[in-house]
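Each of the next two complexes has chain A plus one more chain, namely chain B in the first and chain C in the second.
So, the complex of A and B:
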C-alpha cells in the first residue's frame, strides 16, 4: 500500500499535472489554467520540433549501440575471466563515478577534447590533428558514454556472471568455438539483461541535457535543449510540457516493447 | 529543617550546573549578537554578478544590509520570475533597458523621484531620457551601466581590419569556428545591422525580416555551436571558437583582462548597446534603503565598482564615475576605451550614430523571432 501511495504522489501525480499543463495558456508570462490544444498544434506543426525529435532518437540510438559494444569486452572479462574478488572491486570502481557530479565530469572533458587538449596533444606527437571534437556529435557521444557506460558495464557483468557455467562448458565440450559460444550461448542467455541495459542507456541518453549542450555545443538541438529554449523565451512551460509528454510517451513505448521482447518465451514448436 | 539557599557562587559548584549555565551562554551568544546587528535583507533580482561581494559588500558593511540576489538570464526570464512571485518579493530589480516599459506596464515597479538621481552628471543626454524609463513624464527606472555588442573575435584568426564588418563571420577560414551566444535578440539584431537596416534594425517589414532570415541562414554552416554565458566564455578562451556573434566586451573584456588574445569592436555597420537599469520593486518595504543603494551605485565610487564588476564589465554612465574610474583604474579605463579621444570611445560611438539601443522587434513578436531561431539551430 505505501508503495502505491508513493507512486501516486511522486510519479503519477506529477505526470498527470504535466499532461494537464500542456493544455494551459501563458498570458503575460503567467500560466493560466485552460483546456486548449494550441500548444500541441503549435509544436506538432513546427519543423524544428520534428527535426529535434528524430535527431534525439538517432543520437540516443547511436549512444546505446556504442555503449553496448564498448561495455561488452569489459563485462565479458569481468564475468568470465576475473576472480570473484576482482569483479567485486571492479563493480565498486564502476560505481564511484556516480559519487561525483555528472556536470563536473562533463566539464573535465573540455581539457581532454579541446583542440589544445590532451587527446590532440598526444595525436600531435605523431603528426596527427588537431581534430575538432568539442561541439560535435563526437563530443555529445563522449558525454553520453560518461553518463551511461559504467551502468551498462555493471548490468552486462551481473547478467553474464549469473549464467550457468555448465552450459558454456557443455557447448565447448560439444565443439563450439569461442565466438560461437558467445553468439549461441552467452548472448541468448543474457538477452533480458542486455535489453534492460540497452533500455537504460537509451533512456538516459534520450533525456540528457548536459552532454549535447556542453560537449555538443547545441548543434542540432536535442529535445531537452528544445525544452530549455521553449521555456527561456516567453516562458512557454505548456509547450515545454508538450515536448516532455512526447518524450515520455516515446520512452514508455520503447520500454514496454523492450521488456515484452526481453521476457518473451521462445516458441517450442 | 529547611534546605539552605544556594549562594550565587555555589550555582556553578558542580559539573552539571556548570554545563547548564555555560552551555546556555554559548548557545545564546550568537543570538545576543544578532539582536544588535541583524542586517536588513534586500531581495535583488538581477543578472549574474550584481549582488556579488565585489559590487555590494562595501555598501552592505556601511549600511548593515544584506543583499539576497536572485539571478536571471534574459528579460523574459526576469518578467516570468516577477509574474510568478507575490507583490513585494523583490525590493530592487536590475532590468535590461528595453524591458522597463513592460515592467511598468504590468505595474511591477515604483515611480522614482528624478531629483534623487544625478541626471545632470550623465555622460550622454540619451541616458537622461532613456526610452522606456519615462512614462507620461514620470520616471520608473535609472540607467546604471551599459555595454556595446559587435564583432567579438580571436586576434590570431581575424585581423582588426576584417573585424570592421560583420562579414568576417562568413570568412571561409573560420568555418565551424563561429559561435553564437544563444539568444535570438542580439544575434538577429546584428544580422539586421549587416543587412543595412541601421536605426530600423528592430522595425522590420516582411521583406526586411525575410532578408534577415535568409542572411542568417547563410551563416549556419559557419557555426560551431550555440552557447550560454559559461560556454561562450570557455569556447573563446580555449580557442574552439574564433569569432562570436551576439556578444561584446562584456565577455571578451573579462578574457582580455586575463591576457586572452580576444577583442570586441563595433563594425562599420554599427553595434548594439545593452543597457542595465535599476528599478524599485512595487510595494517594497525597503524602498528608502534601495534608493540609497541606487544613489551609491550612481556615485563615482559605485560606478567604479560597476565598471570593474568581476562577472562582466560595463561602462560608466556618469561623468563623475568615468573620472573616478580613470583615476582608480586607468588600465581598465584604457582597455574599455573610456577615455575622451580614444578610438571606439562609447559615447563618441553613440554620437556618431553607430550604436543602436537594444530593443524588441516592433513588427514581429518575440515568439516569431524565437521560432526562427529554433529553426535556424536545427538547420
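So, the complex of A and C:
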C-alpha cells in the first residue's frame, strides 16, 4: 500500500502534470494553463523534430547493438570460464563506475579522445592520425558505452551464469559443436535476460543528454538536447513537454513490447 | 562370445585432491544391460560422464569399439545420455527436442521430422509432439528424453538415474519400457543408479562401486546371494552379517566364534584357516523362525524390535542378547501360519549352506 502511494506521488503525478503541461500555452514568456493542441501541432509539423526523433532512435539502436556485442565476450567469459569468486569480484568492479559521477567520467574522455589525446598520441607513433573523435557520433557512442556497458555486462553475466549447465552438456552430448552451443542453447535460454539488458541500454541511451551534448558536440541534436534548446529559447516548456511525452510514449511502447516478447509463451496447440 | 564394446583400462579420475575414480578396469559387452550402482559420491556418475566424454580421465584409457576415446570430444561421440534432470530444452517443443541431435548431425529436415515422429510414436507420446516441454508430465518428459537419445540410433545408451524423479508406480512402468526397448534394439544400456531394485530388475550385470573403486561385478543373483565383501553385503541390504574368529576348519566346514554365539559355515578349500577373523552373511529371506529352540546348529534367540510391511512381504527386525541386529524377511501369510507370540523370544536358524563367507 505505501508503495502505491509512493508511486502515485512521485511517478504518476509528475507524468500526468507533464502531459497536462504539453497542452498549456505560453503568453508573453509566461506559461498559462489551457487545453490547446497547438504545441502538439507545432512540434509534429517541424521537420527538425522528426529528424531529431529518428536520429535519436537510430543512435540509441546503434548504441544498444554495440553495447550488447561488446559486452557479450566479457559476460560469456565471466559466466562460463571464471570461477564463482572471480565472477563476484568482477561484478563488484563493474558496479564501481557508478560510484563516480557520469559527467566526470564523460569529461575524462576528453583527455583520451581529443586530437592531442592519448589515443591519437599512440596512433601517431605508428604514423596514423590524428583523427577527430570528439564532437562526432563516435564521441556520442563512446559516451553511451560509458553509461551503459557496465550495466549490460552485469545483466548478461547474471543471465548466463544462471543457465543450467546440464543443458549445455546435453547439447554437446547430442553432437552440437562448441561454438554452435552459443546460438543453439545459450542465446535461446538467455532471451529474457538479454532483451531486458537491451531495453535498459536503449532507454539509457535514448534519454541521455550528457554524451551527445559534450562528446557528440550536439551537431545533430538528439531529443534530450532538443528539449534543452526548446526550454532555453523563449521559455517553451509546453513544447518541451510534448517532446518529453513523445519520448516516454516511445520508451513505454518499446519496453512493453520487448518484455512481452521476452516472456512470450510458445503456442501450446 | 560377444565382443567388448567398452574397455576401461586402469582409469583414474581426480578433481583436484578429490579422487572420484581409482584404478578402474572393466568391460562392457555389446548388447548387454549393465547397471552401475553405489551410494552417492562413489564415482558412478563420473564413470558415465567419462564414457560420454564430458569428463576426461586423469590417466588410463577408455576404449569404445577398440578405439581409444580419451581425446574424442563429446560432440564427436555416439554416446547419447539420458540425464537425471532430463535436460530437455525448454525453448523447443517435444518434437524439436527429439530432432535436436539429428539437426546437429546435419540430417535433412523432412527426414529429421520422419524419424522424430517415429520415435515419439514408439514411445506413445505422438500426440504431444507440438507441446511445450513445461506442459508435459514427468512421465511424458521422460519419454521425450528417451526419444531424443534413441533417435540418434546409438550403439550404446547412457542413462544417469533417469527414473529418480518419477513417482513409484511410474518407475515400475518405465522399467519395463526400458528393458523391452533394450531387448528390441539389441543395443548396450549403461544404467547408473543408486536404487538396488532398479538395477536388479533390469540389468544383466551389476557393477557395485564404493569410494571410486569397483566393489563387485556380477549378475544380480550373484551379488545378492554371494556378496564379495562387507560393503556389498551391507549396501545390497536385508542381509545379516556376523563377524568372528575361526575356531576350526574341517573339510568344507568352518566353526566361527562370534559375540552372538558359535556358527558353522560352508567354506571352499583353503578359504579360511584357524584363528582367521572372518565375516559371513545370511540373506534375510533364508532365515527360519520358530517359537521354541530348534534342533540345529546355527541358532540365535532374539527379541522382536519392529516389523515392516511392504505389501505381501514383511521384514522383522530383531535383536539378540548381545545387541546384534538381525533381519528376517518372509511372506506375510507364512509368518501368520507360524503363530508366533511376538512378545516372547523367537528363535532364528539357518542352514549352513545359506551362509556365505565374505572376502576381506
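Note that the second predicted complex is superposed on the first by the 267 of 269 C-alpha atoms of A that agree within 3 Å, B and C clash if a C-alpha of one lies under 4 Å from a C-alpha of the other, contacts with A are read in each partner's own complex, and residues count from 1 in each chain.
Note that a contact is a pair of C-beta atoms (placed from the backbone, for glycine too) under 8 Å apart; a residue touches a chain by one contact, two chains touch by 3 or more.
Remember, predicted model here, so these are calculated numbers, not experimental data.
Visitor: Are chain B and chain C a fit on chain A, or do they clash, once the structures share the same frame?
Guide: fit
Visitor: Looking at the overlay, does A:167 come into contact with chain B only (first), chain C only (second), both, or neither?
Guide: The answer is second: A:167 touches chain C but not chain B.
Visitor: Tell me the contact category for A:177 with respect to chain B and chain C: first, second, both or neither.
Guide: In the superposed model, A:177 contacts chain C only, not chain B.
Visitor: Which of the two partners, first being chain B and second being chain C, lies in contact with A:29: first, second, both, or neither?
Guide: First partner only, chain B.
Visitor: According to the stated criteria, A:13 is in contact with first (chain B), second (chain C), both, or neither; which is it?
Guide: neither
Visitor: Tell me which partner A:218 touches in the superposition: chain B (first), chain C (second), both or neither.
Guide: first
Visitor: Should A:185 be classified as contacting the first partner (chain B), the second (chain C), both, or neither?
Guide: second
Visitor: So which one touches more of the residues on chain A, chain B or chain C?
Guide: The larger set of chain A residues in touch belongs to B.
Visitor: Which partner does A:115 reach: the first (chain B), the second (chain C), both, or neither?
Guide: first
Visitor: On the overlay, how many Å separate the closest CA atoms of chain B and chain C?
Guide: 45
Visitor: Same chain A residues contacting chain B and chain C, which ones?
Guide: none
Visitor: Where on chain A is chain B touching in the complex?
Guide: It is residues 28-30, 46-48, 51-52, 55, 110, 114-117, 132, 134-135, 213-214, 216-221, 226, 229, 232-235 of chain A that touch chain B.
Visitor: Quick check: in the complex, which residue numbers of chain B touch chain A?
Guide: Residues 73-74, 76-77, 79-80, 82-84, 106, 176, 179, 182, 184, 223-228, 231, 234-235, 238-240, 366-367, 370-371, 373-375, 377-378.
Visitor: What residues on chain A touch chain C, complex-wise?
Guide: Touching chain C from chain A are residues 164, 166-167, 169-178, 180, 184-185, 188-189, 191, 265-269.
Visitor: Show me the residue ranges of chain C that touch chain A in the complex, using the header's touch definition.
Guide: Of all residues in chain C, those touching chain A are 52, 54, 73-77, 79-81, 83, 85, 87, 89-91, 93, 100-101, 104-105, 130-132, 135, 148-149, 152.
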